[in-house]
Every structure is written in C-alpha cells, then in structure tokens.
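There are two complexes below, and they share chain A, which is joined by chain B in the first and by chain C in the second.
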Partner chain A sequence: MLEALLAGFEAALRVDTFVWVSAGLLLGMLMGAMPGFTTTMGMSVLMPVAFLVGDPLIGIPFLIGVYKGGIYGGSVPAILISMPGTAASVVTVMDGHELTKKGQARKALDMGLAASVISDFISDLLTIVLIIPVAAIVLGFGPPEIAAIMFMSLVIVAVTATGPVLKGLLMLGVGFWLSFVGADPFSAMERYTFGTTELYDGFHLIPMLIGLFALPEIFNAVRTGDRQRGRIASLVGERLSWPELKASLRTIFRSTGIGTAVGLVPGLGQTVAAMMGYIAAKNASKHPETFGKGDIDGVAAAESANNAVNGPTMVPLLTLGIPGDNVTALLLGAFMMQGLRPGPTLFETSGSIVFAILIVMLFANLIFWVIGYYTIPLFSRVVTIKKSLLIPITIMLAFTGTYLARSNPFDLITLIGFGVLGLAARRASFDVMPMVMGFILGRELEYSFGQTVSLAGDNFLQFALTERLGMTAIVVATPILGTLIGLRMNRLRRQELIRGG
Partner chain B sequence: MFRKADFRLVAAVLLLATVALVFGQWLIAEPPIALSSDISPLNPRLFPGLVLFGIVVVAGFFIANRIRGADDLEVELEPALADDDGGTKRLLGFLALVVVCALALNTLGFLTTMFVLMLGTSLLVGNDSIAQIIGFSIGLPFVIYVLVTHVLRTSLPELDAIESVLVPLLGLLPSF
Partner chain C sequence: MIRLFVVLLKNLPGIIAGSLIGLLISTGPALAQFPERPITLITPYAAGGSHDLNARVFTTYIQRYLGQPIVIKLVPGQAGQKGTLEAVQAQPDGYTLIFTDNYRDQLYQHTFGTRHYDTTEDLVAVARVNYGQVGIIVRGDSPYRTWADFEADARAHPGELKMSHSGLWAAFFVAGAQIMKDRGLRLRMVPYRGGGPAKAALLAGDVDVSAAFPATILSDVEAGLIRILATAGSERTIPDVPSLAEVGVSPSTGYMHRAVMAPRATPADRIARLRAAFAQLQSDPDYQAAMAQLGENTEYLDGEPYEAERRALGREYAELAAAIAAL
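Up next, the complex of A and B:
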C-alpha cells in the first residue's frame, strides 16, 4: 500500500493535471457563484468532458476541482445577496449576509475562502491517512460483506434523504427498480426491455445524472423566466487580517473534525455538516448571542464544516464503492467511465492512480487558495449574470455531453425522461439522491447477494451464523443504525425549520 | 390532500408498481433452459419482485397515512407552483423543443439542432437581445463542435453539406 502511495505521489506531479484542476476550480466557482446553479448540476454537465479526455489523472481531478470550487463558490451569493449558490451554503447565509449588511462583505468572503481551504486541506490529509488501513481491511471482504455494507448504505441514504423517511424509501425503491432494466447479471435474460435493443444494457448513468440534477434546474428556470435583473451585489469592506483568522482557527479546526466525521458516513453530506459545525461553534462561543447577527466565527464554522466533507466522502466511495452523496455518485460514474471500479479491489489493481488522485486533491487546495484570493471580485459579479444567458448554454452542454457518452440518440430521450421525473420529484418534495443510489448500487447488490447465495450453498442460515458473522452483524445493526440516524436527522430538520420560522 | 403533488406522484408510482408486479412474468424473460444454481443463483424475477412489493407496501402506507391525515415532518424542496405568467406554457413549449431536438439530432446534424435548441431556449427564458441570442446560438455550438471533433477527436453527427465546408477549415487549425 505504501509503495502505491509513493508511486501515486510521483504520478500526481504533472503540469497538465494541475492545469485541468485549475480549470475545474474556476468552472466550479463560477457554477457555485450563480444562484440556482448547483455544484451537482455543474459536475453532471461537465462529467462527459472528464470522460472524453480519457486519462483518469486529468478527468477525475478536473471534476474534483469543480466540486471544491463549487462548494466555495456557493458561499459567494450566500454572503452577498443572501441566496445560497448551493445547499451547502444555507448556513453561511446566517452570518455571512449580516456581515455584508454591516459593510464587511470582503471580510466574510475571505474568511469563507480561508476556512474552506484550511478545512479541505486537513480533511484531505486525514482522508489519505484513513484510507490506507480501511483499504487494507476491506481487501479481505468477500461478496457477503460487500452485499451487507451496500444494504446498510442504502438504508442510511434513504433515512438521511431530505423529507420523510417513507419518501426516501420510495425513491430508493424506484432507483433500485430502474437498475433492473436490461439484462439480468446472471442469466442475461431481458427484464423490462419491451423487446427493444436500446434498453438491453439498461439506462446509462450519464443521462440519468444529468437528467436528474441539471434538467430540473433548467425546467425551473424556463418556468420562472429571467427574474434576476436588477440585483446588486456589492463587494465592500476591508480584507480579513491574520489576527482575525487566528482568532477563528479553533472554530475552523472544530468544524473540520465535525465535517470529516460527517463525510465518512454515507448520506449525511455538506448541509448537515455545516449545521452541526455552526451549532457546535455557537455552543462553544463565549458570546453565542452574536451568532446570526454577523459573527465572523459563524461563517468560519459553516464553511469549514461543509468543505471538510469533500475528502472523507472518498473513503467509502473508493474502498467500498459506496457513494455517500450526489457528488460522490457523480464521481463514482467518472471513475467507472475511466475503467476504474471503486471497491475493495481498487487499491490492489490501481492503487497508484487512486493515491495520485488523492494527492492531487490535497495540492489542489493550495491552487484553490491562490485562485480564490484573486478571483473573489470576479465571482462577486457573477451572481448578477442573467439566467437567460446561461440556461441555453447549459442545455446545449447537457445534450452534447449525453450524446457523447455513447453516441446514441436514445440517451437524449432518456435524459429528457429523467429530467421530467426529477422535476416531478422536486415539485412533490422528493429527494432524488436515494433514487440515484438505488440505481447505482441496485444491480451490484443483486450480484453480490447472488454470489453470497452461491457461496452459502444449501444452508444459508448456517452460513450466515457460523462462517460470515461480519455480514450478519452488519445486517442486524442496519435497522438500529438507520433508526438512530433517522431520529437525529429529524431533530436537525426540526431545528432548521424552527430557525427558518 | 388528493391534489397535492406528492400524493399524485406516489399514487402514480403505486399504480405502475402494481402493474409491473402483476404482469412481471410477461415483462421478465425466463431462461429457455433450466440453469443450475451455480450459473444463476437467483431467479431474474426475484429481486425485481421483492423491490416492487416493497414499493407497493411503502406507497400504500404513505397513501394510507395521508388519508388518515397523519402529521409527518415535511421539508419542502420546492415551493408549490403558483402559475401566473404562462410558466407552464413556457415549460411545455420547452419540453416540446427538447424532444424535437433529441429526435432530430441525427437527421439535422449537431450545429443546426443546437442552433435551434439554443435559439428556442433563449426566447423561452426571456432573453430580449437578438444579437446576443444569434451570436451565442451560432458561436457556442461551433466552438463545442471544434473542441469535440478536433481536440477530443470524437465524432458528432453533421450534415454532409456542412461537414464538407467545415473539414477544410478545421484542417487549418493546429492538431492536438
């Protein structure tokens, strides 16, 4: 494993990789800074680019750059115009916009950037340290343990989805069912293809992801029209000073710890981390009454917690093949399209490439700081760009990207179908995340379970209770874990609702 | 209650899942010969059947809860649609446009289809600058076409007439 790490270090030091990372960071910040354009939308539209460049050490770091830039970019409109660019920046609004009202917008944006970069760097470093023992442990996993872990992840994703648990479970079921369309993994018999050859390989991941994440935003923008004109974003005030940053370092480190822990659990994500980091900072503060009224520590807490999630989400993704949120689901797709199959064997087969990607992630933070520092004034203007200019470009990119994945026009129809489904889900307050997870892991779970049945032979119960206790323990613990996380999530949502009035 | 978007969506899912469950044996092909458990340890109908059954149970429970008026925690992702200024008409027009463009891509080629798509979308979204619309609708698809075909060396569908004009022009660009 250490040899792979060293080889990865050598492989990571490429100029072209860092050029693409910088491009990804800029595009991500641009997408994040535009209200109504989410990071997942940007990543889904740009994913085909990562696929077409054909080199995992360019394509995947490019998408990671979009991810990192997007999460920070979301804080720009949150601070300047009280409109979070991404869901992860919802908590940043509370103190960030209050600081803007006090004439300290520049300071808030600087703190957002510093907190993001510091927490991201530390959490990426922790990711590399954590991933080595985890990867070594999961190397011993077989199909029964993999199936059990997938089952657990799907339950966690369903209970942590936005909204009631029943809605999460229902979306998970729909995603699961969609994954069955096509040839059965064992007998290759057709399922729900209606005799068409286009459906024999099932639905492709790219039209599904672009359809569910990007198209509903576009549909919404078309429905509402361009109502953005006239909004003013002013970047005023002094820059952040070193003593001010130093005073907030304790908060940044605390939130980094929280964000790292949250990132390791599939399904929780940046918004939960930001909320937990903010609440922890408020509780630890000597003057909690200033939170929500323009406390710079509030911005530091929220931004460092949401960015600290980025790295650790890679641990379950790369070692177990389990994406923890929408963004890692997109990254899973990107890995698969580059011929890398995240899971227990990934480090055995492509360890150096994976470590190289993680090391690029770490160094990307330094580029991120430099780019962010000099481009804040530019991105503060982006929040006022007209949607009517961006929507046509986005739909063209969505069409082109989808077509290029397989050069199959049928995928465009699939894209529109998933777009309509995504819009319907949105309007009915259903989170599409469990559906995506169900779709990605559905066939894998069926396959692993089938292999487990084969291994078990005639007596499955005896196999589970004597030979594969790890699998049994995970399966038994899943409902308990699901209930506990579900209750915690409900409490957090209630707090959020109360705060939102 | 019955007019709420989530109720309607769950009812539709329940109906479709029930139909798929009932007609499962016609929608999933059986192996023509019996396969041993080593080759096919699971019947191809087992997992889909289980999942559909789960969907029916969860959807049924959701609907029963709604009918009983049980209170649950609702976090609205999207505010209810208050259609006022022709938003639905614009949306339907846009849907028609994207479907037509999807079907026409192979016939009309990339540049023409993307021109129509961007032009239509710009008008529907409310861009009122004709110069901007025309400039973006012609320029951007052309840039993407050059990037994809010349830099990434991947083919895009294009009309023979347009391609015969573009190929000599693209030949003047430095190769990557």
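Up next, the complex of A and C:
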C-alpha cells in the first residue's frame, strides 16, 4: 500500500490537474454562494465536463474541487446577507451575520475560510492515512446508532438553547413537529397535508432557512432606514488576526474531529456535522452566552465541522462503494466513468491512481486557501453596497434561490410563511435555531428510529440489550449528559447575571 | 401623451418594418425542421441519482443527432408525481419530454394514488433508453448458498428475514414485493435512503438479504463480500446464477426501465424525429463507451414496442399492489 501511495504522490504532481482543481474550486464557490443552487446541483451540471475530459486525474479532482468549494461558498452569503447558500452553512448564519452587523464581516469571512481550509486539510490527511483500516468500522454505524445519536443531539440542543429554557424547548418542539409534515417514509401515509399535494414532501429546507434567517434581516434593514449611512455595516472591518485564529484553533480541531466522524457514516452530511460542531463548541466555551450574538468561535465551529465531512465521505465511497448522499453518488458515477470501480477491490486494482486523486484533494486545500484569500476582499465589499441597492438584490436572491432549489412555486409561499414566522419569533425574542435543528434532526430521528423498529422486530428489548449495545449505551448516557450540561449552562448563566450586576 | 403619439407616428415606418422582421424571425423557424431550439427533459428525481447520471450521459451525445441540445430539468418530489404532472401539462410540441421509469409510469397509480393524471393515456414513449436489472444479494458469508436455502429459511420463519431496500416502492422494494407475492413468502422490509445505504446494511449484517444492480457490485462480488442468488428476467445473465423466472418469480419484474416520454398529443412527425434520434444514438461509439464505463447497459427499445410493454407492466403492477396491500 505504501508503494501505491508513493506512486500516487508522483502521479499527482501535474500542472494541468491543479489548474482543473482550481477551476472546480472557483466554480464550486460561486455556485455555493448562490442561494438555492446546491453543491449537488452544481456537480450534476458539471458532470459531463468531467467525463468528456476522460482523464481520471482531471475529471475527478475537478468535481472534488466543486464539492469543497461549494460547501465553503455557502458560508459567504450566510455571513454577509444572512442567507445560507447551501444547507451546510445554516449554522454559520448565527454568528457570521451578527459579526457582519457589528462591522466585522471581513473577520467572519476570514475565519470561515481559515476554518474550512484547516479542517479540510486535516480531514483529508486522516482520510488518506485511515482509508484502509477504518473501512470496516464504518459499517458498525447502522440506523440504531444513528437514531441514538440524533436523540442525544436533540436533548443537547434543548439544554444549550440560548435564553429561557422553556422558549428553547418550545421552538425545538415546533421544529420537530414541522418535520413530520408530509408523507411518512414507511407507509406513505400523509400527515398534516390537508389533502394537498404541495405538502406531500413536507417543508423544503431551503425556503425554510431563507425565510427564517434572511427575510427578517431584510425587513429589519428596511425598518432601520438610513442609519450607518444606508449600509448594512459601516465598514468591512479588520482582518482576522493570528491571536484570534489561535484562540479558535481548539474549536477548529474539535469540529474537525466531529466532522470527520460524521463524514465516515454514510448519509449524515454536512448540516448535521455543522450543528454538532457548533453545539460542542458552545458547550466547551467559557462564555456560551455570546454564541449566537456574533462570536467568532461560532463561525469557526460551524465552518470547520461542515468542511471536515467532505474528505471522509470518500472512505465508505471508495472502500465499500457506498455513496451516502447525492454528492457522493455523483462522485461514484465520476469514478466509474473513468474506469475506476469503487469497492473492496479498488485499492488492489488501481491503488496508485486513487491515492493520486486523494493527494490532489489534499493539496487542493492550499489552492482553496489562495483563491479564498483573493476573493474575500471582493466578497466582503458587499456590506458597503448601499442598502437601497442591496435590499432589492437580496430579496431577488431569496426568491430566485428558493425557486431554483426544486422549481416548486409552492416553496415561495413557504418562504414567505417562514419569513413571517421568523419575524414574529424575533419580535418575541424566540431563538429560531432550535426550531431549525428540531426540523433537521427530527427527520433523521424519525427515519432512523423507524428503521430501528423495523430491524428489531417483535422483541425490541432483546434487540437493544443483545445486538445493539452501542445504541443502548448512548440512549442511557443521554439524560446524564443532558443534566450535566444543563447544570453547567445554568451555573454560567447565573455567574453572568452576577457579573452583569 | 400627445408627444408620445407624435414620436410613434414619426417612427411608424421603422416600427412596422421592425415588427415585420420580428414576426419573420419568430415564425420563420416554425417552418424549419423540428427541433429548432433546445428541448427540455424533465427528470422527476433528485440530482445525483442513477437517472440523473444516465441523463447526463445521453443528453451529451444525442445533440449530434438532434441538432439541438437537450437540457435536463430536475423536478423531484412527491415520489415523481410533481415532475410527471409538469410533463403531462406541458405544451405538446415536442420541446418538453420526461425521463421516467416504469414504476413512476405504471406502478405508482396503484400504490400512491396519483390523482391528477393517467400516465398511460397522457404520455407516449419516445424510447426506452436502457434498463437496470435487479439481482437478489446476500452477504458472502451468508448461510444461504443458493436461492433454495434462502427460500426455505424464509418459508420456515415468515416475517423474520430482513430485506434492506432503497425506499418504499422503489426498484429494490418492488423486486422484494414480487418475490413475496409469487413465492408466498413474508419478508420484513427495512427502508434505506437509496441503494448505497441498503447495501451497507447488508454488508454490516443488519439485514439478511438485499437487492442491487449487479453491474454496481462487481467489485464486492469479486472480493467475496456479496453473493448474488438470482437475477431478474427469464434468461441467466451470470453463469451458475439462476434467473428469477427459474425460481418461480415473474420475469418482467425486477427491471427498472429508464424511458423518455412525451405528452401524448405531441405531433406524430415530431415523435418520429425524436425516436429516430434515439435510434441513431445507439451506434455512437462515444455514447456506448461512456455508458459502459458507468456500468449501465444500452439495451435500447424504440418507443413503439415499449408502448405495448408498459401496458403489460401496468396490468402486472395492479395485481402486485393489490397483493401487497392485502398482506
């Protein structure tokens, strides 16, 4: 295997490969930055380019570039105009846009890039080193374990929510309930659809996110009128300093670990990773109350966790031929079109070329950094655009982005509905984040729990105690962990109150 | 207002000439040969699925024979109903086509109650591009060496054997359902989000049996991780592996036909033009090579014979859905 790795290293050092990776990264960033245009759609559209080129060291790195660039690109509108470009960067909105409003857009964008590049690099390196040994472990995470992890995440979201616990719980419950709207995945029974076909698939995530996060911002911007000389923020702000990055390194490493683990399990994806990374960072923080109010650590946590997923998704894909989501399914197609068949024999038959691709993926992060470094100054100037120009553009992006996501006119109504809800929640100082988390985790939990019940059969207790000890352990640990974190949060909150006088 | 009128009057010759030219430009091509602008192909699936991949390949090459590109428009949702409805309601001018499969076309009216259209009446087949042939698979170290082992155990333990599939009434579920109906078995069907996770469940030992398109699991079979017990159809495609017909399961199920269709009212000459382009595509070496790399066959069938086949499938699916509903 070492031989293949070395041969791969040699094969990877090609100028044209890096030119194509750069092109992929740049295209991916632009597509990711376009709200509603998902990474999957971008890759799907560019797929023919990859197979027409007909060289595995060009076509596949190109698509991987689009993948990485897309996941990062989504954070740019999230930070600047509170509109997540892709679902992966929903968590970035929380602190990213608050920083923009404080006049620190540049710093947030720099942190987004630094966190993405660092976590991508580390997780890619881990992927190359671990791809062979960990392949077997991946399979240990089936629906029962995923259900247990989702359950734990929900509990932790509930206890760490900002503001009064009851408000957080209520929003979490609302989100959880919203996730049930539509046909259930097991028997296609329609729930809360009122007999309409529009709600058959439930609410779509993209209009929900744009509605909840971007529309209230737009409304606010209109309402506050001409303060700050008619701009979102009076200035682009300072660049990220080295001490600031150093202070967030712990968070980045933690999120990288979480993202890597999430990426290894097929099908969980970037959004779930970003949430987990964010929650973990908030928990570990000495000042959790600043999260959601423009804490640079929040940006670091979300952006490193979502990008860390990218590399490790290659592990189940390449070693077992298992694509966990549509992005990896497209990559599977790309590999096959170049004559490489992902699966247990891939590394024996074409080890060097696969390592070459992985090594290109690793080095692509350096190019990623360079491209980000030169585009951020341009992007960050968005905040200096006059509101009278920026607001119409933002509204247009919100609506076109919503429609673009799946060409469904009903989504526009969803968008407005969630916009109103978001505005109302803000007025009554309810945090909408627990609702979004409840919505996303609720879907995953329902699906994996249904699968678990189906797998367990008639005797659930026996199944839980003999076959799935991992699941049982997580479920048992959850209330204990939840109580501990809850107590810690309460203590910090009280200290804050005392300090605040 | 008056000034506007004066301006209009002054420029009247120009306006008339311009309008005429505009009219000529817009109607002229109508006299030219179809197609004279890009064709939209509605694909009622999410990006990244096997339909999306297949469509990306054939739309890349068919341009050579149509003279115009085919643009893919993904309209996922409601188990394909959204995209299908859009195609059914499209202008029947040959510029809107749909890339669907036999389940969306002939089965879902029986299982999901599609209320707004009748695919058989509303759509006409242009071409069956290719098909995916389902194989029934077990783990390499499974106690089921042969189909008979599996069937005997399933019969002895009704409702206990677990089968992972790619979603309710998707390709692998239909194969499982047909086995249950034709062999009088009961399996516990566990859904997964697509074929990849369904295969993972089998490899992890979470389920006893699953299904896959054999072309996509060659590597696992070579490595001895997966064994194929039977493949769909009446003929054997792999030596020593029986066909489903041999073990008493209907030979027509277990195929996912990927077909391009058009609204039924599309003019016959345009349908003929489209069908001809798909026929020509078959002898394109680049298309053949790309599909082979992808692990997909190019078992093309012209729209005319496929029309008869889809109706036959529809009758069989009606029985299947009724039998499963009665379980």
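What we mean here is this: the second predicted complex is superposed on the first by the 274 of 501 C-alpha atoms of A that agree within 3 Å, B and C clash if a C-alpha of one lies under 4 Å from a C-alpha of the other, contacts with A are read in each partner's own complex, and residues count from 1 in each chain.
To be clear about the criterion, contacts are C-beta pairs under 8 Å (C-beta built on N, C-alpha and C of every residue); 3 or more make two chains touch, one makes a residue touch a chain.
On a predicted model such as this, the values are computed, not experimentally measured, just so you know.
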item: Which superposed partner A:Ser187 touches (first chain B, second chain C, both, neither); value: both
item: First (chain B), second (chain C), both or neither touched by A:Tyr403; value: first
item: First, second, both or neither for A:Asn490, with chain B first and chain C second; value: first
item: Chain B versus chain C as contact partner of A:Gln451, first or second or both or neither; value: both
item: Partner chain in contact with A:Thr40 - chain B first, chain C second, else both or neither; value: second
item: Contacts of A:Arg223 with chain B and chain C, given as first, second, both or neither; value: first
item: First (chain B), second (chain C), both or neither touched by A:Leu125; value: neither
item: Touching partner for A:Ala428 - first (chain B), second (chain C), both, neither; value: first
item: In the superposition, chain B vs chain C on chain A residues touched; value: B
item: Partner chain(s) touched by A:Ser388 [first = chain B, second = chain C, both, neither]; value: first
item: Residues of chain A at both interfaces, chain B in one complex, chain C in the other; value: 52, 186-187, 407, 450-451, 454
item: Chain A residues within the chain B interface of the complex; value: 52-53, 162-164, 166-167, 169-170, 173-174, 176-177, 180, 184, 186-187, 189-192, 194, 219-226, 386-389, 391-393, 395-397, 399-400, 403-404, 407, 409, 412-413, 415-416, 419-420, 424-431, 442, 446, 449-451, 453-454, 490, 493-494, 496-497
item: Chain C - residues contacting chain A, complex; value: 46-50, 52-53, 56-57, 60, 73-79, 81-82, 111-112, 115-116, 160, 162, 167-169, 188-194, 196-197, 199-201, 203-204, 206-207, 216-220, 222-223, 225, 290, 293-295
item: Residue numbers on chain B that touch chain A, as the complex places them; value: 4-6, 8-10, 13, 17, 20, 27-31, 35, 37-42, 44, 47-48, 51-52, 54-55, 58-59, 61-62, 65, 72-78, 80-81, 83, 85, 87-88, 90-91, 94-95, 98-99, 101-103, 105-106, 110, 114, 117-119, 121-122, 124-127, 132, 136-137, 140-141, 144, 148, 152, 154-156
item: Touching residues (chain side chain A, partner chain C) in the complex; value: 38, 40-41, 43-44, 47-48, 51-52, 138-140, 142-143, 183, 185-188, 197, 200-201, 266-267, 316, 320-330, 332-333, 336-339, 341-346, 406-408, 447, 450-451, 454-455, 457
